Amino acid sequence: MDLFTGSERAQRYIADLTAFMDERIYPAEAVYQEQMRAAGDPHHHPQILEDLKAQARERGLWNLFHPHPEWGPDLTNLEYAPLAEIMGRSPALAPEACNCAAPDTGNMEVFTLFGTEEHKQRWLEPLLAGTIRSAFAMTEPGVASSDATNIEMSMRRDGDDYLLDGRKWFASNALHANCKVLIVMGKTDPEAPPHRQQSMLVVPIDAPGVRVVRNLPVFGYQDREGHAEIVFDNVRVPSSDVLSGEGEGFAISQARLGPGRIHHCMRAIGMAERALELMCRRAESRTTFGRKLSERANIQDWIAEARIEIEQTRLLTLKAAWMMDTVGNKQARVEIAAIKVAAPNMALKIVDRAIQLHGAGGVTEDFPLASFWAHLRTLRLADGPDEVHKRSIARAELGRYREPRTPRA
Amino acid sequence: MDLFTGSERAQRYIADLTAFMDERIYPAEAVYQEQMRAAGDPHHHPQILEDLKAQARERGLWNLFHPHPEWGPDLTNLEYAPLAEIMGRSPALAPEACNCAAPDTGNMEVFTLFGTEEHKQRWLEPLLAGTIRSAFAMTEPGVASSDATNIEMSMRRDGDDYLLDGRKWFASNALHANCKVLIVMGKTDPEAPPHRQQSMLVVPIDAPGVRVVRNLPVFGYQDREGHAEIVFDNVRVPSSDVLSGEGEGFAISQARLGPGRIHHCMRAIGMAERALELMCRRAESRTTFGRKLSERANIQDWIAEARIEIEQTRLLTLKAAWMMDTVGNKQARVEIAAIKVAAPNMALKIVDRAIQLHGAGGVTEDFPLASFWAHLRTLRLADGPDEVHKRSIARAELGRYREPRTPRA
Amino acid sequence: MDLFTGSERAQRYIADLTAFMDERIYPAEAVYQEQMRAAGDPHHHPQILEDLKAQARERGLWNLFHPHPEWGPDLTNLEYAPLAEIMGRSPALAPEACNCAAPDTGNMEVFTLFGTEEHKQRWLEPLLAGTIRSAFAMTEPGVASSDATNIEMSMRRDGDDYLLDGRKWFASNALHANCKVLIVMGKTDPEAPPHRQQSMLVVPIDAPGVRVVRNLPVFGYQDREGHAEIVFDNVRVPSSDVLSGEGEGFAISQARLGPGRIHHCMRAIGMAERALELMCRRAESRTTFGRKLSERANIQDWIAEARIEIEQTRLLTLKAAWMMDTVGNKQARVEIAAIKVAAPNMALKIVDRAIQLHGAGGVTEDFPLASFWAHLRTLRLADGPDEVHKRSIARAELGRYREPRTPRA
Amino acid sequence: MDLFTGSERAQRYIADLTAFMDERIYPAEAVYQEQMRAAGDPHHHPQILEDLKAQARERGLWNLFHPHPEWGPDLTNLEYAPLAEIMGRSPALAPEACNCAAPDTGNMEVFTLFGTEEHKQRWLEPLLAGTIRSAFAMTEPGVASSDATNIEMSMRRDGDDYLLDGRKWFASNALHANCKVLIVMGKTDPEAPPHRQQSMLVVPIDAPGVRVVRNLPVFGYQDREGHAEIVFDNVRVPSSDVLSGEGEGFAISQARLGPGRIHHCMRAIGMAERALELMCRRAESRTTFGRKLSERANIQDWIAEARIEIEQTRLLTLKAAWMMDTVGNKQARVEIAAIKVAAPNMALKIVDRAIQLHGAGGVTEDFPLASFWAHLRTLRLADGPDEVHKRSIARAELGRYREPRTPRA
């Protein structure tokens, strides 16, 4: 397998997925907008998505993300990376069409690794089949979510059950029409050591006491899948629905975040590529003061810088994926932190310039750019703000100079 | 009058307006959100605005922008600048409460300078009274709006009337519940010299053939006042409703844009100040990894850079205002172009960092930051993209070296 | 007096100084280079400088900086600012020609304010006459100079004398052919409160035990005036040569730094203006791929951004100067810190782009740009690194939100 | 061979070279400075270099760059990349010690590919043996060197000879004590098609009429090897010393520049790594206001950003090297242009921040940082300014959208 060209199998998936994008996904974008507009409900589940899901499944482009051979095509992270990027070019449609959308992917991994047989039957199988969807409730409005030990939601033992009380927000997907289940992080033992206080519980979204109080807008967007603020009011959950065991919450969250972060970054690169393509096409088609925009040197600089920065970020993402494959997510944590900082910032810069090139149209729904920007901006905060990742990278770097010198090759 | 402290009169207005903001406007922000949410219509006109308008008028904080002594307090641009900035701190409420909102301000100036007696009676007086609102229809979706000579809307003479055919977009305010009139730019004579082909006509929004086809979202926001796409289908307008005379459209647009641009910039500085205030308060109130955010050196850098950049941009804006007052809008065009580039970019950077500091909350409706960002981003395109203004500045600068050397003091 | 046009007196000085630059200084630049090259000694004092000094004096362009009516023209900081800027356009010649060069200006102020009669007669008068020069020895190689309390040089009392032991560096001017005296900061009482431990002493450069061990290069430049590393080995100084009194060192250094910093910033703006002029002239004169560089949109962006940023920084500097004049150096400390950060960074960006436009020639001696860059870069460290100034600004800003809200107009 | 770990052979070279750096090169830096200072001649050839050359040769670390198996170890560009990077960490010593310094490497390739048997015997063999050095005279002071067709030097046929007249500058290495030969680009036929007018001639540096008129300083540095301005005054060169054939000059220059550019970039990455190491060590060792610099969040951000940007640029450089190896220099031209822009800019940013962290010492000779900066800055101009490379990249990118859509995987 070669880094730049990919394995033969990866090449085949890339070709198939690219064909699917060209033949089905891009043409469906206008249909999707029209169906959503007609429905008048931001959380409507439009028919076009079910059509696309059926087509993706038929083409064998289903659950591509799943690293477990029992449930998916058994691709490595390095093989999956270009596929996630390609899906990222149409982020509202392609990931869900291929059953590779966040946070379901992460949740499916968690159920695969830490779920009971019952969890697998009740939740994992329909998730893999694409008939239900799920959300992940970790972030809380009142505390800095960048430190998982800050979690305040109470999970108090009561006989064979836990009683959940607290408030979560940014539980993405919880307003999806098909969302049935939540994975919830909370505090089961405030007296335990800091990283052993938390547990993860599986909670049906219709459990008594679970109340979605609002959808959180993102720069004015009411996303279809939603970012829910959820109140948990004395919610009773059987202890058999603890994942992996009491006190394992922090460990699971660490395991979950590595792939989740890298998938986000791959899709961000796809958005950047799409924006660059739109930039080039627009620059070729518009004329001001007697010259095509594509002939102006400042626009050429933007295009060149975009190409350079996309290539650099893609390579860094591939390296992180390769390290996850070869030395494991934990050993790859500096590289994962690095792309988590690099990819959204790179993509934001390119999308912002593409908006500028599109004039007033760039901030509207007529191009995907404004939506790309808003969601990429959110990515600089989701799964930890840039500053927390930079802090980790710096501490690792500085650590090399606290011992006797170990020069880098 | 001193540049930094302002005239005595200006100081008094500043004090009065600041008191109004503290006592009425800021407390009204939550009420406004609640009334809008309850109405369920993005273009609803909430009661709180009428209450604020009555209070502003009572306090003598009404039509502050109007440079004409007959209609307003006769403030210079230099005196008005800090007032526009203060109103910009709460951009959804304060400018409209004080009857100083775009594009009405520009339209009122146009009616004052170029309107007939009938225009003044029918449109200017109710606009000054705040009982109706107006829109400006210039930009078109199909051409680069940065060059006014590109305008394609047809205004064909037919007896004593003109017949209008074409499509405009980003006609801001046209979806305001009280909007009654449009000022429309179009082409009356395609054979005339390039800057004499255009005329401006006054068109009631309910004229037969005028059809608002959609509201243009701004990064997902459906603004209350709206940014309309409007189709003009054989709209008949009497020739008495030409402003100033046939062929004067380009000249009026130039006269109109100077003050309009600087008002936008002043409000942008107000948004930046508000964002800096929010940044400081947040940094003081949140703790991560055992330290307040306000004690972290990277956050301190952000705060210091914000303070420096706001001060610089405010001074440049004041200088431009002072030049408009002393040598006229035309002689001040390089300075106006300079702040049109500097102010939105400065404010965007600060607001973006404030969002980062607010975590996930920063992209929601819980703080005004995401909305500030989206609208400031639009300002880098409205009234000409940055690149067009930079081009003008550069050409003026280069022009100094084409003649014998004229050194700058 | 008007901020933007200056007092009538200031206008006259501006005109006179501009004429002097055009008629004498710019033409002398090549002569200076030639005389220095011929001498083969980087610390040679060339005849052209004495010629220019005589001419400046004759034109009344002498000691313009000095705020004290007894010794200079009694200009305010606001009046002096544009003069310092103009001199900054030819930094190797004009400031010294007009007897306005650092660090002599700061030292002359210190002697004026804190010197004994003997100091004034022996050092101040010849400094004002331009017959001798002086240096300021504060920074030390072993400690972070950004915190004046870190100073380690020992000044031990011994009878009526002090004995000095320690090492200073970056004592600028100490290798000037005419340098005769040092003002030295050291620690007289390690047991006193932190800001009362330091004193400033006047030390003839030929005092026994004073040894200049090397000149410090600045990016390869061996500056004529030099940046000396000096060893003090048991140097005996009479107690009558303490400035102001034992324990006053820190207070004097604070008083000294305000004007010193702003003068540096004004000159930095002059360098930026010169670089912009060179950029425009070069862009007009060179052609690549069939078009003048001045017609390329990326170069136009550079020129426009330079113009905008220079204007903004100049205005901020004028405001800081005005505050020093009206509320005093101490009350103006945030504004002084702001320009100390803003001015060198602005100028560096512009000079760097000017270098880029000049191709390989830009890094050589054929244009003043490479030297400008190296010395402006040093200015981001001299008198405190950017980071220390930003920290001060941020702390002042945050302080406004620790008490009950005090909104800014 | 794996991209990230390298072939077994490459690994061995990396280990050997790293040991050589640690054991010989780094300790020699101070010795080198001392020998140069003692000599008092910037173009002195110090003994330490000959010692290091002998040691490198003994360790088999000699001519590593040479892709031709007859003359070197036959490493691919991908294998050589990390070695060039490691040598770049001590750019004044390591490349020359290993006989891998520019422009000799490029010249040796040219002699290998295009030289006659006599050229190989007379020039290539001693160059490979490290007993002589060479320079490359292409850039001219009077024209934009970014377009090779601008070359003006006249090479007029006269019987069996050519007569050379013109002026070159930035002929690096021409002032090296051992420099014996120049490869000179000039115009043999002004009437030929634009890319067939130029030829390359081999000219002994002591040929009558060749006169080095000055060394060009780089930001004040008088480099040991020198950057010569050379006048050619009726220099007679036999026609047998034309490389490859008359009219082949442009083609040779293209062939030569690919590897030359990538070697520069690899060394730039080495300088960036060295600067990051220095930054970390300094941050660990200095304390201000009661905390180590390494604990300040702004410094941590700098360190993290440096690590991210180095990794990204290294990967892009490796990809370019891999493409040169697999599809050839010509097909890799966009990637080569990309690193030519990315690497110096990345390294400059990191070195600049490292300077800032070192305070005043950072601009002196006490650390290699100021010299790194000056020479990296020059690299943004050498072999074409950034803007020319960006233009090429943009044109390639835009070209993809001029034909029927060819989507990118």
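Before moving on, here are some points about what is shown:
Chains: A, B, C and D, in written order; residue numbering restarts at 1 for each.
Criterion: a residue touches a chain if its C-beta (ideal position, glycine included) is under 8 Å from a C-beta of that chain, and two chains touch if they have at least 3 such contacts.
Protein identities per chain, from UniProt: A, B, C, D = (R)-benzylsuccinyl-CoA dehydrogenase.
Keep in mind it's a predicted model, so treat the numbers as computed, not measured.
Contacts with chain B and chain C are shared by A, D.
With chains reduced to the mean position of their C-alpha atoms, the one farthest from chain C is A. Look at where the CA atoms of chain A average out and do the same for chain C: the two points lie 53 Å apart. Averaging Cα coordinates per chain places chain A and chain B 37 Å apart. Between chain A and chain D, the centres computed from C-alpha atoms are 42 Å apart. For chain B, residues that reach two or more other chains under the stated contact definition are 296-301, 387.
A complete topology is adopted by the chain contact network, contact being made between every pair of chains.
On chain B, the positions that touch chain C within their shared complex are 2-4, 14-15, 18, 21-22, 82, 86, 273, 276-277, 280-281, 283-284, 294, 297, 299-301, 303-305, 307-308, 311-313, 315-316, 319, 322, 334-335, 338, 341-342, 387, 389-395, 397-398, 400-402, 407-409.
Residues 296-301 of chain A are the ones touching chain C in the complex. Chain contact summary for the complex, chain C toward chain D: residues 139, 141, 144-147, 150, 169-170, 216-222, 286-289, 298, 352, 355-356, 359-365, 370-371, 373-374, 377-378, 380-382, 385-388.
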